Amino acid sequence: MQPAISVENLSVQYRTKRGEVFDAVKDLSFSVQPGEVVGFLGPNGAGKSSTLKALMGFVEPKAGKAQIFGLQAGTPESRASIGYLPEVAMYYPFLTPVETLQMYGELQGLKGKDLRVQIDELLQVLGIAQAAKKLNRSLSKGMLQRVGIAQSLLGSPKLLVLDEVTSGLDPVGRKELRHLLRDRQERGATLFFSSHELAEVDMLCDRIILINKGRFVEERNVGVLKDELRMFTLEYLGITSLVGLTDEWSEIGPNRFFAKFQSKAAMLEAIGRIQLAGGRIVDIASAEGSLEDYFVNTVEVAA
Amino acid sequence: MKPAVVIPICICAAALGSHATRFSNVVNPPVRAAGLEAQETHAAASLLGQFRTSISSFLFLRSDLYLHGGVEMRPLTKKEVDSGKKGVGAAADENEKLADDDSIVTVIPGARDDFRGIFGDVERSVASYKDMTGHHHQSPTQTLPLFRLMTWLDPKFIEGWTTGGYVILFDQKPGCIEKALAYLQQGLESNPDSIDILGQVAYCYLKEMEPIGYKGHQYDKALPYLEHARKIGVGNLKLLTEGEKEALEENYRRLAVCYRELHRYQDMRDCSLEGLQLFGQDGSLRQHAKEAEQLLRTQTTRQ
Amino acid sequence: MKIATLKALARSVVLESLRRKDLWVVAILGFLIILAAGTLGFFGFDGLQVFAKDLAVTVVGLFSTIIAVLTSFRLIPDEIRNRTLYPLLSRPISRIELLVGKLIGSIVVTWMSFIILCGLTAIALEIFQVQFTVIMLQYVLMKMLGLAVVCSISMAMSIYLTPNAAATLAFIIAFGAPMITRALTMSAPTVDVGTRTLYSVLNGVLPQTQLFDLGGRAVYPNWSPVPIWILGFLLAYAVVYSSAMLGLGWLKFRKQAI
């Protein structure tokens, strides 16, 4: 099966007004399989938006290759299967959401009853039915973002490319959006989105791709990563050697200790040693590790 | 710059600004405030004045376009004259004041002189263009709104008043004398010392118009205007333009006729001689002077 | 090029422009100026007709050109500034389709406002007892073609320049080209062959906007209507010149990073 997105050695260059050239993306390679939900992460200026723009054909790559379902990225044919949400857009101030969606739908090749049904459905699902006939300029930032999401979902695209998808949405809106995107995924859509909101990434993604300064840093399966980041803690009484199991331990009271373990197996081994040494377990806990810490640490290492 | 520095500077500037008018009177005292027009004392008024004058001049030129039925004419350039190019000839009719001389040509050239090929042919077909050799003028009454507008815009535009007055008379319709006089009186309100307008008013009283049964020859009514013009002319002779001098000369002739018809032969002789002193070459004035001498002799003999 | 795509793009331009109300303001202002000509009826309405027509042609010509530039110079820059170009170009449409659709939209808006302005002008002229002639209809048709050319110039400029610079240049070209052509025509008979060739090239490059202005014949009496072949020629010229301007814009826009 053709990958939904295939990027090989992609480089994107920009020229400033002073004529200076800088590399926004350099030698980047990755792929996204159909049906996957992939988060595209990186700090500000990492090259996420530039990569997305290259996929959409908004900028021409300096080098490398990008394909969408086997078609050269940026061509009208390849874009036919993509729904794209830009980071922030001020949708036509003097059109209503319905008119805006109608125009985008017609450009997508939809027409007649099919288009009307889709528009009505999206207006309902995204909670903008009440504002459907108001001018865009009277809508809040969050409502405009919903209009933007609606336009990206028109025509049930096979691939959704979303740039900062939750920008401007309140917590309720974010929750509704997660449901919506999950629903699209269940219907077979591939989701590829950039975000700063690691909570969204955590809740939505199967996989993450991390880039920094235009270069690939690493890609991780979110389930595996979360397991790796999970922390196990133990509070116990009695002096026991935990050498080889963890370095993170401390004395928190008279003859009372606290230790952190990266894996469940290490913690179980430690419990065995404590009991053998005549110690006593006071508390056992397990906590999810911080994706943010992982993100910051990884980016720092890559930098 | 720090606020601690900026704020005191702003306060000082505001304090100085609020007293700026006092300072300006001390530093740059009014030199000649009395008797100056607004455009001489205020930059904005001067600019507006220039704009009004320009528009008025434009409208005056446009009246020429009306007379030629929309065909734009221009005088031959020196280069063209030197190369032996001939104009289309003067107008065949007798609208002297609005007539043109014979060294004019159409702005859009004929096919023979046009390098543009088909573009030239098309322009000659779409624009108001025709061969103007031996041309006729349209009725000058069509230009009346232009004169009304140009004298509104620039009440000091003497030629607008006098030519406009002439055009109203040219109409030769019932009431045209009253209209012309009303128009010229407005002109006199703005230009009480204009020799041209004074002369034009007198002309309205003197001219006979058979088609509308207007007998004219109202010497007593014309006289005050002509005498006023004479007074101004003698007092400011060196300041008069060539056009005003011509008008003054004409006024002397009319004044002499008025005195004659009102049997004031002494005044007739005095004014003719005065006119001859100023305009030595004028045959009519010489004739009037002679005639006045004869009339005076006859009068003395009778007595 | 898909008709549905062009239609959708053009319709959004028209809807937006109509709701902005700028057009109505200009049209009503034009109407009032022409109506104000009545105050010049100091001498009676006799003789006012030519002036009323002259004023009408001047106002309609000026305002419609302003509308043509104003509706087209901001279309593409606004799409980029508001980031709406992204969702537009994420659709299966080509950049030339986008330009054509937008240009059609701006031409339709300009034509609509021009027709509104002409309608209001006709009412004003009726008040001045002006007789309507075939030339006036021809004037309207040809002016519409000329306005399409102005729209295409303005849009092409907006791709190369900042919006304000584009509008300024478009105005200079629209109003200045006839003056340059006139100056060239006047001086051509007295220059050498080489310079005249240069004049021909310059004249070919400049838009012949004066050819679309039948105002002189519409205003002044006793002119005959323009032959049909002239209208056909001007239609062809408008299509070719607008396409050239569109192509000029596309040359940069097709590869432009957005």
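Letters A, B and C mark the chains in the order given here, with residues in each chain numbered from 1 onward.
Just so it is clear, contacts are C-beta pairs under 8 Å (C-beta built on N, C-alpha and C of every residue); 3 or more make two chains touch, one makes a residue touch a chain.
If you're wondering where the values come from, they're calculated on a predicted model, not measured in any experiment.
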| item | value |
| --- | --- |
| Between subunit A and subunit B, the fewest steps along chains that touch one another | 2 |
| Central subunit by CA centre of mass proxy | C |
| Chain pair with more C-beta contacts, A-C versus B-C | B-C |
| Most widely separated chain from subunit A, with each centre as the mean of CA atoms | B |
| Distance from the mean Cα position of subunit B to that of subunit A, given in whole angstrom | 81 |
| Whole-Å gap between the CA centroids of subunit B and subunit C | 38 |
| Between subunit C and subunit A, distance of the C-alpha-averaged centres to the nearest whole Å | 48 |
| Interfacial residue positions of subunit B with respect to subunit C in the complex | 62, 66, 69-72, 74, 77, 79-80, 83, 85, 107-109, 113-116, 118-120, 122-123, 125-128, 138-139, 141-146, 148-149, 168, 171, 173, 179, 183 |
| Complex interface listing, subunit C residues touching subunit A | 4-5, 7-9, 11-12, 15-16, 19-20, 82-84, 86-94, 255, 257-258 |
| Partner subunit B, residues of subunit C touching it in the complex | 37, 40-43, 46-52, 54, 142, 181-182, 184-186, 188-190, 196, 199-200, 203, 208, 210-214, 216-217, 219-223, 226-227, 230, 233-234 |
| In the complex with subunit C, residue positions of subunit A that touch it | 14, 53, 56-60, 76-77, 79-80, 82-95, 99, 102-104, 106-109, 111, 135, 148, 151-152, 161 |
